[in-house]
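First, the structure itself, so that you have it in front of you.
As written, the chains take the letters A, B, C and D, and residue 1 is the first residue of each chain.
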Amino acid sequence: MSEPSPSEFRELVRGFFEQIPFNRQIGLEMHELDLEQLTISACFELRPELIGNIWKNILHGGVIATALDTVGGLTALVAAYRHLGDIDWQEKIQRLSKIGTVDMRVDYLKPGRGESFTCHGSILRTGNKLVVSRMELHNDGGELIATGTATYLY
Amino acid sequence: MSEPSPSEFRELVRGFFEQIPFNRQIGLEMHELDLEQLTISACFELRPELIGNIWKNILHGGVIATALDTVGGLTALVAAYRHLGDIDWQEKIQRLSKIGTVDMRVDYLKPGRGESFTCHGSILRTGNKLVVSRMELHNDGGELIATGTATYLY
Amino acid sequence: MSEPSPSEFRELVRGFFEQIPFNRQIGLEMHELDLEQLTISACFELRPELIGNIWKNILHGGVIATALDTVGGLTALVAAYRHLGDIDWQEKIQRLSKIGTVDMRVDYLKPGRGESFTCHGSILRTGNKLVVSRMELHNDGGELIATGTATYLY
Amino acid sequence: MSEPSPSEFRELVRGFFEQIPFNRQIGLEMHELDLEQLTISACFELRPELIGNIWKNILHGGVIATALDTVGGLTALVAAYRHLGDIDWQEKIQRLSKIGTVDMRVDYLKPGRGESFTCHGSILRTGNKLVVSRMELHNDGGELIATGTATYLY
């Protein structure tokens, strides 16, 4: 297989994203992928099994961490893809398939209340081995629920 | 209801733990609670829906973050309970019900491979408002998969 | 002493900032304080004693952490001051004098090269007990050298 | 120059440590280096210029971050040296000279009070590109003042 076109690449990323089993547990779906700005957004709906506190009906912190890590990692994947430039497609795929989270900080700013949530990822730095992503989670009322910063190795 | 005995308290914590919906998604079960050392451990089994990378068959980073945050938070809850000392039980319950994660760092040290996983929480510091917990996740082969540090407000 | 005017308050903060002994070691000087946007910036020059790597002539990571923590803490102080609103000035001073850093993450994005550096702080969240600040350090060429996120208790 | 003996290596590390200008500002001195356990400790004395809060006479958070980052980085350097094994000494030096901090979390557990302080570093993981170190700072009364976790790239 040869280098995909931008729209093919976007669909590849979406396919990669949506086949991850634990993302399906959360119901996380990729919404936008901007190959120029290197930003990604993904959404999910509140569902009973995502609750961490049944009295307050708020998201489990682990759901938030999952959304942030997933979106941050996918943003890092796209940034690494761009950074690798014109190397052979097979070699690119090889490098990118090894991407993994090194560490992540999550700040829980407000209780995770809402009917639906949007997670947005952007890039702080892309290097030859590491990418640093920054992530934000908003609820459907536009409130900033959580932010994260994570380092990915590829 | 009045102040529970240590064994009643242990069962209360277990009950609190196990009714959290998202913990059930992970299959996380409380294993040990040491009221003297202020340590907690919890376990879960690998299941197909917890996978983050289907080629490598490893845990999603969000599953790891969920386990660490849950165990760290529960350890913080117990430490806060002890720290509050002899105040009225109803007031204690009131204070403790407000506990929440402020922020967390996760270090992903090795790929999350294994059949079952144990997460262990201990206390770095208990203050009048904040508790800092440290967490570790090992697989059934005894490998250290991830560590975390989190701050909880109560 | 009674509640200061905005310009008096700005000078109080500057005075507080500049009498901190270790800030003088770094040569850190407050540059701007925006009481509406709740942002602060501070600057320092490269000096031989701030070097961490003499072959590469770059800042010590500890200098960067110091600048980020100081500016983040001062931004948090101003946010807490605003959040406390119309309570008695003496009580405000009492509360604010107890402010301290709970935890901080620093991401070192590029080597700390440059003749002078500007550190900028803004607020992610202000609560009744905690403030979360975000910080950035740029060099005189406009490069983003480091970012940080820190939690402060007051 | 060829591969040094363990005692020569220890002196090389000490020399490297002590020529770092900003470490001299802090007065940080290497105390122990255990090449088997991969642990390092370093000490410094309270001095007026290290103060962050003149009313409480406590260390500036930046001093603590500096000590933690320095000791963590040196521990990572030694771990990377061991991990590189029997490759050519010049190549080793080349690789090790590029080591840098990727990110760090510091938890400030207690006010930095004391006459002298000891910082201890150990290793959480050594990989082919990254090392994760954990650090602790105690005062002369044996109190745990701060902990840190940092990722280093080499």
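One rule holds for everything that comes next: contacts are C-beta pairs under 8 Å (C-beta built on N, C-alpha and C of every residue); 3 or more make two chains touch, one makes a residue touch a chain.
On a predicted model such as this, the values are computed, not experimentally measured, just so you know.
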Using the touch rule from the top, work out which pair, C-D or B-C, shares more C-beta pairs. C-D
Chain B and chain A are one sequence twice: same or different residues at the contact, by the over-half rule? same
Looking at Cα centroids only, farthest away from chain D lies chain A
With chain centres defined as C-alpha means, what is the inter-centre distance between chain B and chain C in Å? 33
Which integer distance in Å separates the CA centroid of chain C from that of chain D? 24
Counting only residues that touch at least two other chains, what does the list for chain D look like? 102-103, 105, 107, 132, 149, 151
Which residues of chain B touch chain A in their complex? 19-26, 48-55, 60-63, 65-67, 69-70, 73, 97, 100-108, 111
Chain B residues within the chain C interface of the complex: 102-103, 105, 129-130, 132, 149, 151, 153
Chain D contacts chain B in the complex at 105, 107, 109-110, 124-125, 132, 134, 144, 147, 149, 151
